[in-house]
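Lettered A, B, C and D in written order, each chain numbered from 1.
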Amino acid sequence: MKKEYGQGTGQPDISVNLGGLSMKNPVAVASGTFGYGFEYEDFIDISGIGGVIVKGTTLEPRPGNPPPRIAETPAGMLNAIGLENPGVDVFLNEYLPVLREKGVTVILNIAGNTVEEYARLAAKLKGHPGIAGVELNISCPNVKEGGLQFGTDPVMVKTVVEAIKAECSLPIIPKLSPNVTDIVAIAQAAQEGGADALAMINTLMGMAVDIRTKRPVLGNVFGGLSGPAIKPVALRMIYQVYREIDLPILGGGGIMNFTDALEFILVGASAVSIGTGNFVNPCLADEIVDGLIEYMQENQIAKLTDLVGAAAV
Amino acid sequence: MKKEYGQGTGQPDISVNLGGLSMKNPVAVASGTFGYGFEYEDFIDISGIGGVIVKGTTLEPRPGNPPPRIAETPAGMLNAIGLENPGVDVFLNEYLPVLREKGVTVILNIAGNTVEEYARLAAKLKGHPGIAGVELNISCPNVKEGGLQFGTDPVMVKTVVEAIKAECSLPIIPKLSPNVTDIVAIAQAAQEGGADALAMINTLMGMAVDIRTKRPVLGNVFGGLSGPAIKPVALRMIYQVYREIDLPILGGGGIMNFTDALEFILVGASAVSIGTGNFVNPCLADEIVDGLIEYMQENQIAKLTDLVGAAAV
Amino acid sequence: MSFLAKGRVLKNQQLADDLYELEFLAPQIALKCHPGKFMQIRVSEQDDPLLRRPLSLYDVDVDSGSISLLYKVVGQGTRIMTSFKPDDTIDVMGPLGNGFTMPNYPLNAILVGGGVGIAPLMYLARWLILLDCQVKVLYGANTAGELVASDRFSRLGVELEVATLDGSAGYHGPVTDLLKDQDPHEVDSFYTCGPEMMMAEVAEYVACNYLWGECSLEEHMACGVGACLGCARKLKPADVDYVKICKDGPVFNVQAVEFMMGR
Amino acid sequence: MSFLAKGRVLKNQQLADDLYELEFLAPQIALKCHPGKFMQIRVSEQDDPLLRRPLSLYDVDVDSGSISLLYKVVGQGTRIMTSFKPDDTIDVMGPLGNGFTMPNYPLNAILVGGGVGIAPLMYLARWLILLDCQVKVLYGANTAGELVASDRFSRLGVELEVATLDGSAGYHGPVTDLLKDQDPHEVDSFYTCGPEMMMAEVAEYVACNYLWGECSLEEHMACGVGACLGCARKLKPADVDYVKICKDGPVFNVQAVEFMMGR
């Protein structure tokens, strides 16, 4: 049941230009929650998705964290996958060509532990067509700065974004960590570093305890909290950043249905991402697109941009 | 159905000394969620509660924020009450005597917008017996520092704690805001300022949008997220602080039942607080105490301190 | 005095498209009920939805210890409530708030209810009748099918006038149009609950005719007992203080309130 | 091929204290079922509990399009499942994972199941019988009342030996004690599901006797399709790679696994 959207088809225009990254529709699937897309092909036409943000990819392959890696929490879940991935070369040489062939809008999510690692990774993307944009996971420890997360310090954020921009001409979208005192300062730093758009929010750092064993549930002790539980925090941060920073925002955090997505758009997201929601409903991305179109038709809204930030005035 | 606990009664010892504040049992009710205790007297014997932390109190009366002041969110709620309260004089002269008469373990929660305000408020408590301890709400904007929240800056935290300690000999328990990059640094600052214990966590800052009106739901736009949704974040922060800072912790954030409370104790809380849970179950504080006693008896645990921090090794 | 109790569901009946009557046994609570007070119902044992739902007392039978609520399905919580079935145990808290003021002598009362706002007026009517008052009910809804309380009112023996917006039953138009036909000299007091626009017209009628009236207001609630200060509202924009709907209300004198048109 | 579908509940029957059989119609899914695969069931439309629950195929009837699951109530999710009732529509996703390896020729198989671990072995037994295998089932539980699958196995026509820890039915002791009485020369393959301690003993028997065997493992899951990498496990501590139980399994060769005793 593939549908055609866009100008001239009588449908409202829901295509998005996210800082140079062009999306057929404003609904992406979030990194780490959709594998490389293939895993969900039984359930959804992955070439119809606004953007498939693939699993966090590193320079070298990574085995990931010891299990348990996930735990359910009230209206949310914790994950500590530990960036298990086969490395950027495998992605570029094995997965990307297939995704490109299928016409998937691929957004590569990259992660590293030093500025150099990020830069080298970004440099590798040259000559590999089919990547629509790069999402920059900065919720990683900077091993050269005592393990402090890149995303918690404006100077490091600016540095890493600059380094990547120098190596890569694709749209660069830093993904902000919500575990900070001042999200606007971080967004500002990303902008100064040359970011083309912002993705927000990544997971909140949390943990769970197994009262039977009296030990933390996760092998890694701490994990990232995602799902509906974090939606209020995500909306608040996007609202704050939208009002201060002049970059398009890819918003997400707990989106489970169309009305959730609309809330994100109203506070300032130009496009949205679905993470944990995919696990509950693998067809969610499509359903949200349908919901948006219906809503816009009913409310006579010609283009999505008329809604972006309407609640943040 | 009042029960007697403590040493020598054959029951496990669940009394707590929280940095000089002595509690009959480790379950307090959180500030702003239990009024002054009277409101819940139909449902629970308030003199049996480990500690009744009364509504945030300021030097002068405050009218509070315009409505709507609350909104439900997935497994949580947002509130933006705006510290509505009759001021410290009314509390001391009208409410405290009644609470004292009833034998309630009263913990006063204080808030201010300048260091001087906090200090003057603390000074007023002299000569008013019946206050077991003072919880310091530092999630307030410091108007002299451009509205930056006290609780987000270590220097301000230290300053305000010091100022209060200078004026007041009661146990002082700063209540940490979770909206920070480095909770341990804040806890450290509180300790340096002379805190006797730490309360954590206050609410996460969030918001909600009404898609019908396309406006923020809350009159104040932003509100504090509480309830089960935030439990993983609270546990993580308490775990982090317990391992680094040598102060007893009053832990809370999303506790809805006895096993939740136990999770908090295992990561390092010496006592717990019930906030949003009171709205769902006004007898929750009692039920958790009963659950704890039962658990300790079943597992032959003589004193609660044997459990504190057991998961944070 | 109010209680936290386990109520045993007696029935949960669909009366119209989105209107249900829930009846449950809670004798201890029933004993303390008074018209205009409300219950806080826990709709789910799961953490979502989290908060209790406030619902007015629709009817109470002290002898049998049963309490009835009339609820409209508007969102997640009330939708879950539709799955309650006989013999289920539900977690209820109440009765809460300040109810309607009861007359000291038999008087003539007009009750004006719109939509599900009719709920608290049923139990009120029962008490007024017990107190030998003359009770007339003006009952409005969108359409005939939604006038689910009519029969019960008739059985109570009150005088009933209905109005529907689509004209499918009774007067064709807003229920407040029926006020025109009332003789203000024959009424002592008004009680109203429903959309605020409707209550505003009742208030105006009351004011113009130097009468007395009470209304029941709504606000989102957390605690329901005055502890959280969440259900605050300034009855009039110029008021200094916020009242708490759950504790200071939900019933207020109509003259004290400036109604909000969007509600 | 797997699907997201709305299943219509046919029955949801309590078979023992905490064991239920849920049967629902989902013909499209039924067509693609294979023993050892599993379903991801959404237990609630609310946000809590959030994730789907993985449950093995207990039995499938392709003709009628019905799928049966055998589940044990262990927590919030499975407790909510007990409220499913006939004609309810449930949100199901499947079949997922890699099932048991089917023999290419009729052979002699022994199936060893403990507790609710018996679930995937029922549907497996059905297939093996269809393939003209000799099937013997060793079925263990705590007590006689928990041997809820016995009758169904008997109806299938398999040879059944049961064991209970309390001796209330069959052999008095752990089901793996029954292995001693088997003649390894008369068995080709083993299939097992249950507590890991039990499966470990089956694995040891298989190894010692140079036989072949498969087991079904569990791990907490989010996606169920290999996308989230949440259900990772090193089959043996020395392994470099983590397998994903949902995608690489849940069925693995017993020799590949070092079982975890606490489970």
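One rule holds in what follows: contacts are C-beta pairs under 8 Å (C-beta built on N, C-alpha and C of every residue); 3 or more make two chains touch, one makes a residue touch a chain.
What you see is a predicted model, and the numbers here were worked out from it, not measured in a lab.
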item	value
Between chain A and chain C, the fewest steps along chains that touch one another	1
Maximum centroid distance from chain B, chain identifier (CA atoms)	D
Interface with more contacting C-beta pairs, comparing A-D to B-D	A-D
Chain A and chain B: spacing of chain centres that average the CA atoms, whole Å	35
Chain centre separation in whole Å, for chain D relative to chain B (CA means)	47
Chain C-chain D separation of Cα centroids, rounded to whole Å	53
Chain A, residues touching no fewer than two other chains	74-76, 227-229, 256
Chain D, residues touching no fewer than two other chains	47-49
Pairwise touch network: line, ring, star, complete, or other	complete
Residues of chain B defined as touching chain C within the complex	32-35, 39-40, 42-43, 55, 63-64, 66-72, 74-77, 79, 81, 84, 227-229, 256, 276, 278-283
Residues of chain D that touch chain A when the two form their complex	1-4, 42, 47-52, 93, 219-234, 240-242, 247
Chain A-facing residues of chain C, complex	47-48
In the complex, chain B residues that touch chain A	73-76, 78, 152, 179-182, 204-209, 211, 214-216, 221-223, 225, 227-233, 235-236, 239, 254, 256, 259, 262-263, 266-267, 310-311
Chain C-touching residues of chain D, taken from the complex the two chains share	44, 46-49, 76, 80
